[in-house]
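Both complexes shown next keep subunit A, but they swap its partner, so subunit B is in the first and subunit C is in the second.
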Partner chain A sequence: MATAVDTGAGVELLTGSEVMAHICRLADVDVLTAYPIRPYDTVMQYVSRMIANGEFDADYIPAESEHGQFEIVKHASACGARVFTGSSGVGWLYAMEPLAVTAGLRLPMVALVGCRALDDPGAFGTEHNDALLVRDLGWLINFPDTPQESVEMGLMAYRVAEDPRVFLPCAIAMDGAFLTHSQATVTLPSQEQVNEFLPPYDRGDLLLHPDNPITIAPQANEDWLMEVRRQSSEASKNAYTVLKEVHKDYCRIFNDDTNPFLDEYMTDDADVVLVGMGTMSLPVKVAIREMRKDGIKVGMVRLKWVRPFPTEELRASLSRFKAVGVIDRDYSFGSPYGGGILFNEVKAALYGANNEPFMKGFVCGLGGREVLLADVRSMTEQVLATIKSGKPDNEVTWMGVR
Partner chain B sequence: MSIVSYEVIYRGIFQRLLANKISRTFVLAAVKDGKQGISFGRYSDSPERNGIPCKLFGYIADTKEELEEVAAQYEPKQVNVTICVDDTLTKGIESWGWYGLQPLNALTKPGGTIVLTSTQSAEDLAKHIHRRDTPYNISLIKSEPSFAGLWVYKDDGTDARCLGAALKACPDICSMASLAIAIRENVGGDEHVETARASYEDARSVEIKSGEGETETPFTFEKPGWEDMRLGVVIDAVGGHFKYGDSDGGYVPGRNEYFKKWSTRSMRPVLNFDKCTKCTLCWVACPDSVFDVTPDGFFDPNMEACCGCGVCEAICPVADCINMVNEVVFDERGSQYMMWKDDKPAFEKYVANANSKGKVENRHPITGLAGAFSGAGLESGHNASNFQTKSLKDL
Partner chain C sequence: MAESVYHIGTQDLPLTQRVNQIPEKVVEEYYTSGHRTCQGCESALIMRLMAKAAGPRSIILGSTGCMYVANTTYYSTPWVVPWMHTQLGSAGSAATGTAAALRAMMRKGKMKEEPINVIAFCGDGGGVDMGVSSISAALMHQHYNILIICYDNESYANTDIQISGSSPWGANTTFTPPGKKIRIMYKNWKKNIAALYAVGHTKCNYVATADASYPADMIDKVRKGLKEPGPAFIHTFDPCPKGWDYDPFFSHKLGELAVESGLFPLWEMTNGELTYTGVSARHVYGGRKRKSVREYLQAQGRFHHWIEEDYAYFEGEIEKMWTEWSMPGVIPFKMAEDPSKK
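And then the complex of A and B:
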């Protein structure tokens, strides 16, 4: 919390939330709203301090609730303001009405979801269910795994969300505590680089402004709504192509060399891979290194974006392996095989692929419980067992549960 | 195989209970005859704000399978009887659903009947209804529109009278014996049953021949596809100038090109421009931006945008400058300002005629406001002594 704010480029020690605050400053966000709930609330503190120190100029509005918080930035976005807000857990759910209509109205907005268990029982450890609840509404969702990757995810979020071909809101889903509260060294980009990457938000003739008098969100019944939904469907598809296109720009300007959708680790010669999102990548990667010493050919494929879902890339990647284990830091009670959200989506994406691998689902690390190295090894062994038996294992296994 | 269908056309909210009683009672009566039936509203009419034109439908069939065959597609293509409980809807029906203007007789089968409550003559009313290629009948129930249903049900026997007259027009709906039981169980007592019987006996149809009626082509539009629609259903509100002769100025606000409110209102403001002080209050207070500003600073109510709420009349500080007039007496939707400018004596006559023929008597006793929106007429509405059991011959 006592991190000094350095507004120039250089290496700093920052949490994911602090990085997000810096992205707000570098992106010159116009309107921010805030309502406290942990772990998201850390970003409020960093942003308000920057504003108080005169390092960042923006309208910072503490709202009366999450519902009001998201409504305010929604309207500001309609008026052409670049906006930022966020929440966590059931606070994010209390804003569900504005969350739905923001996407429906095609208003770009960037929101930090400090991922947190949904109460009750009162809990604030990380689970991905809160962020994933908006996955069907048009929201774009990414899951950075480190403070450094939060730079990419934050800047890409603004660029893709504000592209006129997209005009959709974007959630940056950070694992509570593991990313929102953990400091790591980060190289921040310079203001010049950000200016080159991020054009001003231009709403064109959809701008709600006295100089451009329009009515938005009128009553529209069954003769009209399906066309509106069809437009949103197209925008979501566009988000996929725009993201790929924009990511090239990102790599060029910021001298980076990442894949837009997937982070593959030790997959070149792997027999099996584990698939997951967010900060679990750290224990998984370390466990992979240990297992490699024992001759086990295992790797990881981490999804950076779950919306738009990189179906093509994932099919191409995962059909290279004999078997795949999907680790969900979320639950979907009563779902096919009781699998998590990611497991069922990955399975659907792989349906009918050439060399469709065996797929086994795991639920792990709920409520902020750690994903242990031993868990990762056990999951890998269970996936390997399906190859040995030559039969798929549809059982979804809960790991690290008493 | 026998299927009969009917529709009840009414002003949203203000006549909802009335319409629902009519539609439900026929089904409940038909069920007593051993038939099958359903009654349902056109969902896109919801929310039924501000007297928006709405529809209820009913199907009666001999068997469940027959009923399912017709009910599988939501809105009927044709009905045996159209029951309309507000005569201002003779000008057409434009619902929230942005369908354009649907003629009142659009679904009435060739040779079918429109049962209509009105104090006007069938011939006068037929002039408002859009002409078509096939004949139909009008069966009149002499009555003011029964405006009630938001908070209080105005039990003035309109329901029973409509049921009786509609049964006469389409005897296949149910037997009179079953209708009598259904009325007793769901509408009212013996008085209602007698009213329905009297209405049945008295009902007379006037045939409207093909080609008779309003010659105007009803307002329609091509619905754009998703690729042509602006994102989020954005509607331009950008205005333009008011043009009259050589003068070009003032302000006409942008309006929804798909929704004209031509039949939303049951009354309209008529302006006496000679008395207008240009105080701007009507223009400011109008909730629907109805008033176009003329180059010389008058406020001209645009009949594509007016829902007839009467706020302008209520707020106007000048006596007899704005008067709400019953919509049914008008057969045009033109600019009053232009009529006045073109020919002042003729416009004076127009205003005098409108005010005398279409004077809105039904006003709230305290506020003096007119129309169903104001709650006018409710105090007499739930007074049982107002109940009409008189047959047509007595009126």
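And then the complex of A and C:
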């Protein structure tokens, strides 16, 4: 476990997991549950140490399984407690039942997914399939790329999830090892700033308490289920507008000027861009700087949130370029063109856009395999080739396969 | 130096002792109309007695099963107290999460401090099969005042009467029907679940068995479980006309026969001491003879395919439970003699 290094002037060297532990402390989370699985579990090691040292007051429960972990915080959330939990890989899937019902019940919960390949074969390295498996259920999902951005994603997660117009759970998908375990310099916000940004969690008349004797989740079938689902659909649409709205608050209070949904890098004059999520930005941005020296006009558009999916923003952004390469750190076997999940989502979002760019899909860096600068250069060249030939290239290319 | 641990107290709930001494406060109902359980459903009676005993300052969590599906249909509810559904395998987690929220928020001044009863119930599917791990974990948390009640109707009765880990040997269920080649499809012996929880969780201060045919005993046990600080577990035995195939008129009678025959002894373990209660106390401590279990078995359609050797085998096993176990119906083994002295 890495240890925080205070470099002075409020700047610290922290891992993504450690930042998330600080967010829990700053957000005054009431109930947390832990169960060991790499790589997410480092956050609970930091949290438990803070609690043991009296720096943070919460009911912290090492659970008996991921199912128990997520059920415990689900019920705590129904009673008005601010909650935090997390998991990785097949552990996250062991909790799939609570993951589905938490969203179905419209209960806010913030969970860290330390993205990890699904067994079998057992593997520790990062892949996005675990986090993305909840994308159809109502979960909000963001993908920070640095420890500093984890501050924004952590605080935004609580603010959006607990907004009564939303009341949905939110997953913070951190690439295993590359973000959960890698240190970078971080400026943590002050308690006063966090208090200004994050109001107390208020369940209102949905609170489960003897003063408010309600029945939660009685059975509904064809008579009412469609209306219940429609409400969830509206809530996830609301998440999009709420997210945009509160991001302005975030920028004002924390002196930030980021875009809520997209991180664009060297796109102003770019002919082509690469699209990706999470720490994919690290090798891609370095490679872009190198290619720029050779006169290749390439940039990157990184999605910060995959749910709610920023359809309008992405259409506006990507239609500016002649061709786009989408890099998936996940797979979707048997899908259209055998493309990854992100590729097919981006393609669906761009369908029928004015100046719809050529789009080429890549699967890269599975199981935590290193994405080499040469890989990024090759992907860029393949995307440029579609412009040169004037024909779309629908084949999805796996990069770096032996 | 002992560290100070935050504890919320428990409610002062007077015991009834006998039916004619039921205190005024227990007359009020908190499980009322609005459900559509079967005629003769003893589990519904368990719900009613449980809510009656716990009173208005309670939160009740219910696992998937009969007492979810038949009780709470959208737009109707029998619950006067706050109630929430939980998943089939998570009665323990639901109780833990609810108690943790109350404890954290009361300690941090986010909620008015008061003792609130937290009860999670589950059927035998949730308490004996799928939910064992979550209940086991819940029974370890000494600082959460929770009560878990497993209402056992000996099958997955809501889904069409399928075998569970709590079904009796030889029962005809839709997963274990007698056929032309095999008469007894189910050859497992019912899991000894209350004892499993009592023995396995040495800091759990209250574990009991109960039966709705003995309502005063049942109410007192719920109240003791709630009053005792920390986690508690109660296993109830609920005749089920649909699953056991008998006339609903006889539910109460079958509940009595199960206890009278010694098949389901009533007991409670409080702070490391086990006491048999009601009829079972007289069976163990003297004063009353056990009835034959045959009358109980023959009253139910689920055993109608049995032949004489099946009855004899079953009776023999019940007899062993009373004569060979070190505690009848609780501890199925004895300490052996010192092997070095053999």
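Here is the rule we go by: the second predicted complex is superposed on the first by the 394 of 402 C-alpha atoms of A that agree within 3 Å, B and C clash if a C-alpha of one lies under 4 Å from a C-alpha of the other, contacts with A are read in each partner's own complex, and residues count from 1 in each chain.
Following the convention adopted for this analysis, contacts are C-beta pairs under 8 Å (C-beta built on N, C-alpha and C of every residue); 3 or more make two chains touch, one makes a residue touch a chain.
Owing to the predicted nature of the structure, the values given are computational and were not obtained by experimental measurement.
Undergrad: Once both complexes are superposed via subunit A, do subunit B and subunit C end up clashing or fitting?
TA: Once subunit A is superposed (C-alpha atoms), there is a clash between subunit B and subunit C.
Undergrad: Quick one: classify A:V43 as touching subunit B (first), subunit C (second), both or neither.
TA: Neither partner.
Undergrad: Under the stated touch criterion, which partner chain does A:C79 make contact with: subunit B (first), subunit C (second), both, or neither?
TA: Second partner only.
Undergrad: Just subunit B (first), just subunit C (second), both, or neither: which does A:V272 touch?
TA: Neither partner.
Undergrad: Have a look and say if subunit B or subunit C is in touch with more residues of subunit A.
TA: Of the two chains, more subunit A residues are contacted by C.
Undergrad: Give one of first, second, both or neither to describe whether A:A220 is in contact with subunit B, with subunit C, with both, or with none.
TA: A:A220 contacts both subunit B and subunit C.
Undergrad: Going by the contact rule set out at the top, does A:R106 touch subunit B (first), subunit C (second), both, or neither?
TA: It touches subunit B, and subunit C stays clear.
Undergrad: Please work out whether A:L206 is in contact with subunit B alone, subunit C alone, both, or neither, and reply first, second, both or neither.
TA: After superposing on A, A:L206 lies in contact with subunit B but is clear of subunit C.
Undergrad: Looking at the overlay, what does A:F167 touch: subunit B (first), subunit C (second), both, or neither?
TA: So A:F167 only meets subunit B here.
Undergrad: On the A-aligned overlay, A:Q231 touches which partner chain: subunit B = first, subunit C = second, or both, or neither?
TA: After superposition on chain A, A:Q231 lies in contact with subunit B alone.
Undergrad: Would you find which stretch of subunit C runs into subunit B in the superposed arrangement, from 116-124, 188-196 or 242-250?
TA: 242-250
Undergrad: Counting contacts the way the document defines them, which residues of subunit A are shared by the two interfaces, the one with subunit B and the one with subunit C?
TA: On subunit A, the residues that contact subunit B in one structure and subunit C in the other are 212-220, 223-224.
Undergrad: In the complex, go through subunit B and note every residue touching subunit A.
TA: 43-44, 96-99, 223-226, 229-239, 253-254, 256
Undergrad: Help me check something: in the complex, which residues belonging to subunit A touch subunit B?
TA: Residues in contact with subunit B: 104-106, 167, 205-206, 212-224, 226-228, 230-231, 234.
Undergrad: In the complex, go through subunit C and note every residue touching subunit A.
TA: Touching subunit A: residues 56-59, 61, 68-69, 72-77, 79-87, 89-90, 92-94, 96-98, 100-105, 107-108, 110-111, 116, 133-134, 136-137, 141 of subunit C.
Undergrad: Subunit C touches which residues of subunit A in the complex?
TA: 28, 30-31, 57-59, 61, 63-65, 67-68, 71-81, 97-98, 101, 200, 208-210, 212-220, 223-224
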